[in-house]
Structure formats: C-alpha cells, structure tokens
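The two complexes that follow have subunit A in common; it is paired with subunit B in the first and with subunit C in the second.
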Partner chain A sequence: MVNLTIDDKQVTAPKTATIYDAAKLNGIKIPILCHDKKLKPFGACRMCLVEVEQMKGRQIPACTTPVTEGMIIRTSTPDIVKARKMVLELLLLNHPLDCPVCDKSGDCDLQNLTYEYKVNSNRFKDEKFNHEIDYNNPLIERDMNRCVLCGKCARICDEIVSFGALTFIDRGIETKIGCEFDDALNCEFCGSCISVCPVGSLLARPFKHKARFWALTKHTSVCGYCGTGCNLTLGVKDNKVLTTIYDENQGFHKGQLCVRGRFGYQFINSTKRLTTPLVKKNNRLVEASWDEALEIVAARLKGGSDVAALATARLTNEELALFKKLLLEDVGTKNFDHAAGYAHAALTEGFARSFGTSASSATIPDIQKSDFLLVIKTDAYETHPVVGFEINMAVKNNGVKLSILSDKKGKLSKLPDAVTLVHRPGSEVAVLNAIAKIILDEKLADGSAEAIPGFAELGQALAAFDADTVATQSGLAAADIKKLAAGYAAADKGLILFPVGQAYAGHTADLASAAANLALLTGNYGKEGCGVLCLSEKNNSQGAVDMGFYAQDGGLNGLQILEACTNGGVKTLFIAGENPLTSYPDRNKVKAALEAVEFLVVSELFLTETAAMADVVLPVCSFAEKEGTFTSTDRRVQFFKPAIRKGAQIRTDFEVFSGLVKCLGGQAPASPAALFGEIAAVTPGYQGLSHVSLRKDGAFAAVSMTPAFVVPKAVAPVAAEQGKLALVIGSALYHSGTLSQYGEGPMHVCQEGYIEVSRSDAAAGKITENDLVTVSSASGSIQLKAKVSLRIPAGVAFAPYHFSNTPVTAIWAGQPVTMVTVSK
Partner chain B sequence: MSDAVAQQAEEKEPEVDLSIADAVIDKYIDIPGNLMPVLQGVQDEYGYIPRIVADHIAERLNVYPSQIYGVLTFYAQFHLKPRGRFIIRVCVGTACHVQGAPRIVETFFDKLGIGHAETTPDLRFTFEKVACLGACGMAPLAMVNDSTYGGMTVQKVGEIVSDYSQRPLK
Partner chain C sequence: MNPITPIINGMAITFKHMFLKPVTLQYPTERPKVAARFRGLHALNVSHDKAKCVACYLCPTVCPAKCITVEAGEDANHDKFATVYEIDMLRCIFCGYCVEACPVDAVRMTGEFELANYDRKDFIYSKERLLEKK
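Moving on to the complex of A and B:
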C-alpha cells in the first residue's frame, strides 16, 4: 500500500492503483469518459485531469497515472475545472447535439458531464461531422457523428470479446471508429460495444425510439438462455420488456452479455405467445378455460406408470421439484426426464461415478484463476459465449495457457499462443485416455492419485490407448498428444472444460469420466483454478439434475419414453416446455412417437410444432413473469423475481403443477419460497439457502467429492467413406436450444440452419457460400444453406440444430458423427 | 456504407494471385512485429494492397482485418487502389506554393483529366500533391517516379505528360 493525499485527505491505495482507482477507492469522484474498469487504461479523453504537486502542479490524467508514495493530488481546482470544461467544449464542437432524438439521452456520459460542468456555450466553431450512419445490420446502429473517439468499443471488442470488429481508421484529423475497409459492421453482435459507448454512437436498434431511458423501470433478473447464469437488467415500460440495460457491476461477468442475452428478450412480449389454454376438439385446438383443461389433464394423469413426462431445463428449481413430486407421489410414475436423457449423462453418470457427485468440480470464476486450460471442442465459445469471454481474458490478461482438443477450429484457436489439436470427429475420449496413459507411463501423476479407488486397475485398462495407436485413430500426431499431456500434467492449476447439450451426443458420461481421470491423476481438482467444468446447455440444466428430474430407479429416460410412446407402454405424455420435434434426434421417430401416444399435453410459451400436436396446450410464463431460482452450470443458485405481470390467462408452471396436485388430491406447497425451503433441506449443497439469502448475489451450492477412477469406453471412430463428410452437430453462437427462435434479435442475424464445409470440400463439390445444398444421411435428407469456412477440416461438416424451419434432426439420429453426402 | 466504399465494391477487383502474398508472408512469419514489412513487401509486389490480400494477411498473421485497415489508412505509403505506372508528385509546400505550385497542379489536372490522389483509367498516371519533397531550392518542383523536375513551368507540364505518355507501360 502507498500513502497519498487527495484533496487534503490522507488516503492509502494499493501499489498497482492509478490515481483514478485510488480516488474511487476513497470515495472521491473524478469524472471519466474513456475509462472503463474492465478495460486497460487508455487516457484518450482528458476528462480525468488532476493536479499533482510533485509534478509541478501539471495537469495529468488520473486514469493512466500510477500512484506513488507521498503524492499530493488535487482533483478539482479552478484550473482543473476550466480544463475539463474546455475538453467538453472541444468534444461538443463536432458532436451533433441531437439529444432530443437520441436514445442515449438520459444515460449519456457526455450529456451528464456537460450538465455537471455547465457547458452552456462554446467558444469554438467548427463543422459537424457528416458520416453516413451504418444501418446495415439489424441490431447495432453506428452513428459516428456522435462519436467522441474514446475507443471503448474497439477496446472491448479486442480485450474481452476478442473479435476485433472495430478499430480506429483514417487516423489523423479524420480519425473515426470503423471496420475493415470502412465496411458495414458484421460481427457476433454481442453488443458489448453498445454497453460501453459513453454517447449515442452505438445503439441497440431493436430499442430505437421505443422509450426514453428515464421512463424505463429496471428489473434485475437471470438470463433464460444458456447455463452460464449471467445476470440481466431488464428495462420495462407499460408491462413490456423493451431492452436490456448494462450494469458494469452486475454478476461475475460484470454486465457482459452475448447476442442472445442482450438482444434475445423479445420472446417475452412476443405477439406469438399463447394467451389461453387450448383443447383439441374435432381434431382442432380450440380455446378453453383453465378449469376445463386441467380437469382433462388430471383425469389422464390417473394412469400411473403409463404416464411419462419431459420437462425443459428452463423451468425453475421449484417448478421442477414440484413436477417431480406430482409425478412420483400423486401420479405414481418414475418415467420423467429432461434434455433427451443423454445431454445430462456427463453429470448424472460421468461425474456421478468419477467425482461421486452430479456436479462440476470447478466454477466459471476458476477460469481466470487457472494457469492451464484444456478446452474440449471450440464450441464452448458458441454454446456459452460469456464463458468464452472469460477464456479470452484468462489467456490475454493473465497469460493462461490454452490448449484445445476439437474436431474443428474456432475463435478460441485464434487466441495468443493457443494450441489447437484438430482430431477426427468422435475421437475425443480416445485422445483423453491416451493422455491419461502418458501421464501414468511417464510418471507424471500426482502423489495423491494412488490413494484414489481404481488407480491400480487404470493402467491395465488403458493399455490399448498408447499414443501411437490413438494418434492413428484420431488423425493427430503422437508428439502433439504427448506435448499436451506433459503441459497439462505440469500445470499447477489445470482446468478442463467441455460443453454438453442435446446437440452434443458425443459428450457422454465416458467423456466426462475421461476428463475427470486427468484431473484426478494430476491432482487438478478441489482447488482454486482447477477441476473439470461441464458447460450445461440450458439456464437450469444443473438445477434439473440437482432436483433429480431425470430417470432414476428404473424409470424411463427421455429417449426410452418416446420409444414407449410408440409401442404403447406410455399412454399419456406431459411435455413441459420441451420441443422434441426439433431438439430430439431422429425427427421421424419423434413424430411417430408423438402421433402414437394416446394423450399429449404440452405446457409452453408458444404453439411450437410439438405443441401443435397436443391434445391440451397450457400457456405458461417466461422467466420474466415468474419468481424462483435457477442453478447455473457451475452451481451458482440465483433467485429472481418477476419483471412484468403475466397475461390474464397465463399461469406459471408452478401454478399448473400445484393445480394438478390438488386435482389429484395431493397437498400443494404454499409458494415457490416455501418449496425451496424443502428443497434446500434435502438437496446436497443447498443447505442453508433460501430465497431471502439468495436475493442479493445468489450463492454457490457446495460440491463435495468422493473421487474414483472410472475407465471410459472410447467408441471406435466412424470410418471415412468415399464422397461422404463426417457431420457433427452443435450449437450456433446466436442461438440456445429452440427458444431463441422466438427472440427476434438472434433471428435477425441467423434465421435458419446451415452446413459449414471446408474450402477443399466446397471446391470439390463446386459449392459456394449461401448455395442451397442437399444433405443426405441414412435417416433422411434436408436442404441447407452452405457456409464455406476456413475453420472446418477437409472431410468434416458442421451444422447447428436449433431451427424448426430447417431441422437437422431430419438427418441426424443421435450419433456423435453422421456420415452425409452434400450436393448442390 | 459510404459512397466511396460502395463504388469500390462495385468496381470488381482483378483476379489476385495469393501465392505472391504468401511468399512475402513466409519470409516474415516468425518475426515479431511483422505486419509493417509484410504490408510493404506485398505492396511492392502488387503495386497496392488488394482487399483480398489484406484479408489473407489478417488470417495468416492472426491480426484482426480491422486493425490492418487501421494501419493501412494511417500511413500515406499504403495504397488501397491500383496505382499508375508513373506517379507524378507536385510539391505544394511553402516555397513551391510561393513560386506558383497551384498553377502547376491545375495544369496537371487539366492535362491528365484526374484530380489529387487519383489514377487514370489506363493505369498510366497517378497524381499526388505532396507537402514537401525536400528540395526547396528547385521550387516549384515535380517528380515522376524517381526523376526530379525543378523550376517547373506550365510548358514543362505539357512536355512531361507527353513524354511519359509515350513510354511503355510494362
């Protein structure tokens, strides 16, 4: 710590602090415009000028000047105020001052500072800018006439997002922020640039002229898309969610959001929302009252074990727990599951066997504390973009070493010194096993490993996975596998990440165990910055596992339930929020199952293609209209309250399940809070948590581990076939599950499915970008737009799964790798 | 998109052989701070920096394309459009200005039919006004590629243009 004097006040500050930091730490306000606590100091705007006595009273920028012992600083002498006023005069010289029509008005740093410093006249005269406004994309408007050249947008796009869409161009008197060749903006559209823009140069187009900033009510919430568990501030007016508002202090992610979180909120107030229960009469769905609908459903639920249920992991913990109680106690069935069953197997089988707990042994904040990251599949960036930001910052700011084991390259591969091992699709378990064998053979294992059950048998069991054999199988060089093994084993804090989800059929319990073995062998678990982090697909995937909402004790799992529908074992199917027709493998089979089942009830926000097949459709709430808790992929339990009132004829799933419990003569819990009390008492790690205690920041549910070595089975890689490509399914950056199809933002930039092929395969098939190609597999064929991509190796193709209009489930039956032909 | 950019996009860029750029990149690939020498080397080869080459450099050097454009627009030495075989530079610095440089510039505009920083459609001439060529004693001064012409007059402009119009393009 150093001692210094700011405005006659004796203060202390850490050695690494700048004058700005020191002042802020001690409650002294220095105005800033170009500075952002998340970004590296830049010193462009000169608003933060202060006087330092030791520097002969010169005016120096507080945001870039480190503190030194005994510094005497004055932050608001008349000279300083005069200088700041001039800075503002100069900035306003070219600024259009079109505040009455600017959406930033009321939330604008430049406006606020102008007001604070009473700059009511300008001694200078100059022409205004005359830049054309970039309206070329549907999400981000760029009006460079309002720009003050603080560079925050360019810096956040580089330092955190690592995309680098924006930079200073035409440097000199005509400097402006622009893209390559002064083109229109074409990026990931995460909107981080909008969030830090201190003026109205970068604006969210979906919010243009929707409401004045000061007319919005702010409601904090938790994002309803992926498992990262980002916090949101929703801007609400007239009971409508109109925008998301940036709050740099919110959540572990400091307000950073991805395209889905920032722009995907429109599904909440979509006009396509269901507004009333529907009941099938004469083969048509017609409007019905809740009493009528629930009575029909309750009568069918008396079927006991011929009833089955699928629920989405977007429901709250309370809803899932109540649904489970309804099914187990009041209906009398064990047949319920979520995420098709296989998508949570990494947790419920893999980690359950390897760590003795169905939860990850690391948290998202561990990423930045680690010193060696092994990321399985570059898709981690697409499935969980904000986790991707954490990886970017870990590598760029903290010098964390990054190795990627993937079937294709991706944005993470471009990070400084990132090593990407591109293997043949489907061989990741074999490669991880080979690494485990190398660690054992080369005696790189940690001393603690020997005491873990299964250690003695592990070496024998992995005998087949010598580096050379696996190298041949996976298409990697044995030397690269050895290098990766040595790197991971040598790391003090090694962290392994992999995504799971309905699109990642290859990311199984075996993959989880294979990754866990590496952590157990090297002692990389149970410590800060270490462990294996399974990135679950949906906002409450981990919660669904924690609530035990999956097949256990002989109950049927997701895929078995659909089979039982086809063969008559299940007569009543209750689907709460899932859309199996688009998200479960093998569309034809799913369709046959839903047609075969005697009675189908669907609770949903929208009339999805699955809901359209139902006998009863129940309109339910989005996350913004209910209260409850979500558990993020790293087991952060977070409480949220409704941001808007629900529609008159819409109920929460909690109310639906409560109603049904009562119809069946059971006892329903008084409220979600009361039920959470019961949950907390019996769920491992949730002890002591309550809605009240989670109100502020949420809390991590503790994870206790009893490790064991498990030998993962590696599937034989799919043999290459002449003229066919190995298709792997995954997630697109802009989407999450099937819900984001109803969020206008994501659909603006990615409306339909596509297939990414390598340059060489495209050339061989005479395929160019955006060509419509026919993709055929053993289970069907579909037309998709082609993307020709540098990141895809020859012989491989990639397709995202989210889209009802172009469902890849038509050609994909749930295998990790599908051989397909692609032709024009 | 600004008008200039739209226009540029419409003008179809000629086919570019990327292997020439690759040869330059290969030479510098392992050197830290290689962007400037690569850009200079590539410009020497193509005469300017075609967009597809800039994108290719971005991919191979793992630098954002936007950053490359930032560098290209900062330095006057880089050109984003094809340049003429003969680059005519006329000094408009203080000494040359006093000695009548504006009339020399106007006469070049008339004779060539192009303005400042423009290139004739046949890619023979590019004309540029420059601030100082460092030979004020010879004012007003013009240069064509590496040849210097001091004490410029309106007549001399005609002679230079007709002389270089007859030289071979390759």
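Moving on to the complex of A and C:
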C-alpha cells in the first residue's frame, strides 16, 4: 500500500494502482474516455489529466500513471478543467452533431462529458469526417465519423476476445478504426467492441432506432443459452426485450458476452411463439383452452411406468424438481431423463465415481488463477465462448501455459505459445490414459495419490496404454504426449477443461474419469486454480443433474425411452422443451419413436418439428418471463426474475407441472421460492441457499469430494476407410442447442449447417468453399454447404448440429466418430 | 346616501354602454385575433418535402402529459425518421415543452384552437394530420 494525497484527502492505494484507480477506490471521480478497467492502460484521450505536485504541476494522465509514495494530486483545478474542456472541443471539432439520430445518445460518454463540462461552443473550426458508414453488417454498424479513436474496441477484441478484427488503420488525421484492408467485418460477433465503445461509432444493428436508452427498463437476468451462466441486463420497453445492455460490473465475466447472449435475445418476443395450447383433433392441431389441454394430458399421465419424459436442461431448477416430483410421485414412473441420456454422463457417472460428486471440482474463476490449462477439444471455445475469454486472458495476461488435446485445431490453438496435440478423432481417452501412465511410470505423481482408493489397480490397468502404442493409435508423437504429461505434472496448479453436450457423444463418463485420474494423480484438485471443469452444455445442465432429473434406479434413460416408444413399452411421452428430432442422434429412429408412441405431449416456446408431431402442445415461457434459479456449469446457483409479462395464454413450465400435479390429486408447491426451499434442504451443497439470499449475486454450491481412481475404458479407434472422412459432430460458435435458431442475431451470421473439411480432402474431392456437398453415412445422407478450413486435419470433417433446416442427426447415429463420404 | 342613487348610477353605466363598442366576440361569425405566441394545435414542420422530425424521442421524453407517441424507422438512405408520430390532444396540456425540446425545429404550435370533435379517437392526431398544417 502507498500513501498519497488526492484533492487534499489522505488516501492509500495498492502499489500496482494507477492514479485513476486510487482516486476511484477513494470515491474521487476522474473523468475518462479511453480507459476501461478490463483493459490495459492506454492513455489516448487525455480526459483524465490531473496535476501532480512533485511533477512541477505538469498535467499527466491519471489512467496510465502509477501511484508513488507521497504523491500529491489535484484532480480538478481550474487549469485542469480548462485542459479537459479543450480536449472535448478538439474531439467535437470533427464529431458530427448526430445526437438526435444516434442510438448511443443518453448512454454516450462524449455526450455526458460535453454536458458536464458545459462545452457549448468551439474555438476551432474544421471539417467533419466523411468516412463511409457500414450499414451492411447484420449485427454491428460501424460509423467511424463518430469515432474518438479511444482504441477500446481494438483493444478488447485483442486483449479479451483475442480475435483481432479491428485495428487503427491509416495515419494522422485519416486514422480510423477498421478491419484488415478496410474490409467488411467478419468476426465472432461477440459485440464486446460495441459494449465498450464510448460513443456511437459501433452500434448493435438489430437494435437500430428501436428505442432510446433512457426509455428502456433494465432487468438483470441470467443468460438462457449455455452453461457458463453469464449475467445479462435486458433492455425492455413496452413489454418487449429490445436489446441487451452492457454492465461492466456484472458477473464474474464483467459484462462480457458472446454472440448468443448479446444478439440472440429475439426468440423471447418472436412472433413465431406459441400463444395458446394446441390439441390434435382429426389429425390437425387446433387451439384449445388450458383446462381442456391439461385434462387430456392428466388423463394420459395415469399410465404409471407407461409414461416417460424428456426435458431440456433449459428449465429452471424448480421446474425440473417439480417435473421429477410429478413423474415419480403422481404419475409413478422412473422413466425420465435430459440431455439425450448421455451428455450428462461425465457428471452423473464419471465425476460421481471419480470424485464422489456429480459436479466439477473447479470453477470458472479458477481458470485465471491456474498456471497450466489442459483443454480437451478446441470446441470448448465454441460451446462456452465466455469461458474462452477467461482462457484468453489467463494465457495472455497471466502467462498461464495452455495445452490442447483435440481432434482439430481451433481458435484456442492460436493463443501465444499454445500447444495443440491434434489426435485422431475418438482417441482422447487413450491419450489421457497414456498421460496417466507416464505420470505413474516417471514417478511424477503427487505423494497424496497413493492413499486414494484404486491407486494400485490403476497402475496395472494402464499397462496397455504405453506412450508409443497410444501415439501410433492416436496419430500423435510419443514425445509430445510425454511433454504434455511432464508439463501437467510439473504445474503447481493444473486445470483440465472439457466440453460435454448432446453433440459430443464421445465425451463420456470415461473421458471424465480419465481426466479426473490425472488431477488425482498430481494432486491438482480441491485447491484454487486446480481441478477438472466439465463445461456442460446448457444454461441449467448442472442444475438438471443436481435436481436428479436423469434415469436412476432402473428408470429408462433418454435413448432407451425412445426405443421403448418404438416397441410399445412407453405409451405416453412428455417432452418438455426438447427437440429430439434435431438434437438427439439418429433422426430416423427418433422420428419412428415419436410416430409410434401413442400419446405425445410437448411443452415448448415454438412449434418445433417435434411439437408439430404432438397430440397436445403446451405454450410455455422463456427465461425472461419466469422466475427461478439456474445452476451454471461450475455450480453457481443464480436467481432471476421475470423481465417481461408473459402472454395471456402462456404458462410457465412450473405452472404446467403444478396444474398436472393437482389434476392427478397431488399437492403442488405454492411457488418456485417455496419449492426451492425444499430443494435447498435436500440437495448436497445447496444448504442455506434461498431465493432471497441469491437475489443479488448468486452463490456457489459447495462441492465435497471423495476421490477414487477408476480405470476408464478407451474406445477402439475407428479404422480409417479409403475414401471416407471421420466426421465429428459439435457445436458452432454462434449457436447453442436448437434454441438459438429462433434468435435472429445468431441466424444472421450462421443460418444453416455446414461441413468443414481439410484443404487436402477438399482438393481431392474438388470441393470449394460453399459448394453444396452430399454427405452420406451408414444411417443416411444429407446435403450441406462445405467449408474448407485450415484447422481440420486431413481425413477428418466437422459438422455442427443445431439446425432443423439441415439436421446432421440424419447422418449421425450417436457415435463419437462417423465415417462418411463427402461428394459434390 | 339616498337609497335610489346607486340604482340611478347603475342605470347610467348601462345606458352609456349602449353606445360603446361591445367586448363580446360574435363567434363563430367573428374570429378572435390569435397571438403569434399562442399555443394551439401542433404542426410538424416540413423541409425538402419531408417532415423535419428525426424521431429523436426528446418531445415524448419531455412531455409532462405523456401524450406523444414516436416510433423511429430507417429510410432507404439509412436516415432516421418517425414512422409514427402521434399526439393525443385529449391529454395535451399545451405547455409547449415539446416545441422547446426539439433539437431540429420539427414541431411547432399553431393558432388552431378549435379542437372539438365528436369521437374520442379523432383527438389522436396522426403524423399525416399534423403534417397537413403547412
């Protein structure tokens, strides 16, 4: 700590603070324009000038000058005010008078400062800029005439997003912000640059002229897409969510969002939303009242174990708990599951046996505190982009070492000094086992490991996984595997991350256990910056596991339920918010099952293809219209309230399940809050949590571990076949599950499925970018647009799921790797 | 004072007024003279054949009666314009703040004061009706 005087006030500040930080810490306001607390000091605008007595009263920027002991600082002498006024005058010299038509108005730093410093005339004269405005980009409008060259956009895109789409181009008075060769913007569309731009140079195109900033009511919420659990502020006007608003103090991520969170909100107020219950009569879905619909459903739910249910992990904890109660107690069936029955296995089986708890042993904030990150699959960036930002910052700011084990390269591979081991698809468990064996053989294991049950058996069981054999199988070099093992074992704080999800059939309990073994062997768990973080796919995937909404005690799991539908074992199927035709493997089988089942109920926001096959469709609420809690992938339990009122004939899933409980003669809980009380009492780690206590920030549910070594079974690698590519399915950056198809933002930049192939395979098949190719596998064939990409190794192809218009489930039957032919 | 005197005085005044110019206006045959600063019905100013209004939302924001509805749109040249501009005259208190707030001098108040109507909905002045008063 250093002592200094700011405006005659004795204050202290940490050694690393700048004058600006020190003043802020002590409640003294210094105006800034180009500074952002998330970014490195830059000093471009000179708004923050202050006088330091020791520097002979010279005016120096507060945002870049570190504090020193005994500094005497003045922040607002008449001279400084004069200087700041001049800074503003010079900025306004070329700045257009666009406030009436600029969407930033009301939230604009330049406008606010001009008002605060009463700059109502200008001593100078000059022409305004005449840069061309980019109106064509569907998500980001760039008007460089308004730019004050603070560089924040370019810096955030580099320092946090690590994309580097924007930079200063041209020189002197011509300097502006642009893309390479002054081209169109084609980037991740995370919108971070928009969020930090102090003026209206970068604006969200979907929000263009929709409303004034001051007319929006700001509602904090939790993102309804992926498991990261980012916090959102929704801008609401006239009961419509019109935009998301940046708040730099929100959440662990400091307001950072990805393209889905920032631009994917349109599904909430979509005109395609279901507005009333539908009941099938004469083979057509016709409008019905809630009473009628619920009565029909309740009558069908009396079938006991003939009834089965599939839910999406986008429901709240309260809804999932109530749904489970309805099924177990009132219906009398154990056949229910979520995430296709396998996407949660890493937690419910893998971690359950390896750590004794079905939760991850690390949190997202651990990423920046770690010093060695092992990411399994570069897809971690695509599935959880804001976790990706944390990895970017860990590597770039904290010098954390990053190793990646993946079947293709990806954005994370481009980080400084990142080592990517590209293995043959499907061999990740074998490689992890080989690493475990190396750690054991080379005596790199931590002393604590021997005491963990299963240690002796592990050594024997891993005999088959010597580095050389695995290296040949997986297409890696044995030396690289050894280096990775040594690096991980030597790290003080090692953290392993891997994504799971319905598209990642290979990310099973065995992968989780294989990763867990490494952490247990090296003692990298239960401490800050250590552990294994399973990135679960949906916003409440971890919650669904915590609520126990999966097949247990002999209940049928997700895929078995569909099979039972086909062979008549299940007669009534209740699907809550899931669209298995697009999100479960093997579309033909799913279709046959949905056709075969006697009675199908679907509760949904939209009339999806699955809902269109239903006998009863119940219109339900999005996250913005209900209250409850979501548990993020690192077990942060977060409460959210409705941001808008729901439609007259729309109910929350909670109300639907309560209604059904009552119809079946049971006792429904009074409110989500009351039910959460019950949940907190019985769910491990949730003790002491309540809606009231979570109201402000949310809280981590404690994870208590009882470690054990488990021998993970490695699947035999899929044999390469002449003329065929090994297709791996996954997630695209712009999408999450099937919901983002209804968010206009993501659809502007990625409308349909595609297949990514390597350059050499493309050349061999004479395939060029955007060609329509036919992809065929043993289970079917489909036409997809081709993308020729440098990141894909020869012999491999990648396709995202998500899309109902181009469902890859038609060619993918749930294997981790599918052999396909790709032809034009 | 003789009780009859005030009555006579009163009669005298009455008699005198029979020869003076009457103060009452024979409305509607006679029209009042409306001062230039009078605040009557609004009008939207026009320039280059377009309403000047750029849909900045300052007038609906400042309006104390919350009777102005503006909705913004983007025209073919990417300029902002008001797709909807409506004033509910039943709620307007003719304070003139809207005129004062407008940064582009797009709205003014005319001398028009005859705003009576038969139907409530006719008191909602749409953009077209406000533009008619050139």
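What we mean here is this: the second predicted complex is superposed on the first by the 824 of 824 C-alpha atoms of A that agree within 3 Å, B and C clash if a C-alpha of one lies under 4 Å from a C-alpha of the other, contacts with A are read in each partner's own complex, and residues count from 1 in each chain.
Keep this in mind: a residue touches a chain if its C-beta (ideal position, glycine included) is under 8 Å from a C-beta of that chain, and two chains touch if they have at least 3 such contacts.
Since the structure is predicted, the reported quantities are computational estimates derived from the model, not experimental observations.
Of the two partner chains placed around the shared chain by superposition, neither subunit B nor subunit C is touched by A:291.
In the superposition on chain A, A:99 makes contact with subunit C only, not with subunit B. Contact with neither subunit B nor subunit C is seen for A:697 once the two complexes are overlaid on the shared chain. Of the two partner chains placed by superposition, only subunit C is touched by A:209; subunit B is not.
In the superposition on chain A, A:442 makes contact with neither subunit B nor subunit C.
Touch criterion met: A:169 reaches subunit B, while subunit C stays clear of it. Of the two partner chains, subunit C is the only one touched by A:133; subunit B is not. Of the two partners subunit B and subunit C, it is B that touches the larger number of subunit A residues. Touched by subunit B in one complex and by subunit C in the other is not one residue of subunit A. Put simply, subunit A touches subunit B in their complex at residues 131-132, 134, 136, 158, 163-172, 178-184, 414, 790. By the touch rule above, subunit A contacts subunit C in their complex via residues 99-101, 105, 133, 135, 208-212, 214-215. Put simply, subunit C touches subunit A in their complex at residues 54-58, 61, 72-74, 78-80, 103-104.
Residues of subunit B that touch subunit A in their complex: 1-5, 8, 51, 54-55, 58-59, 62, 64-70, 73-74, 80.
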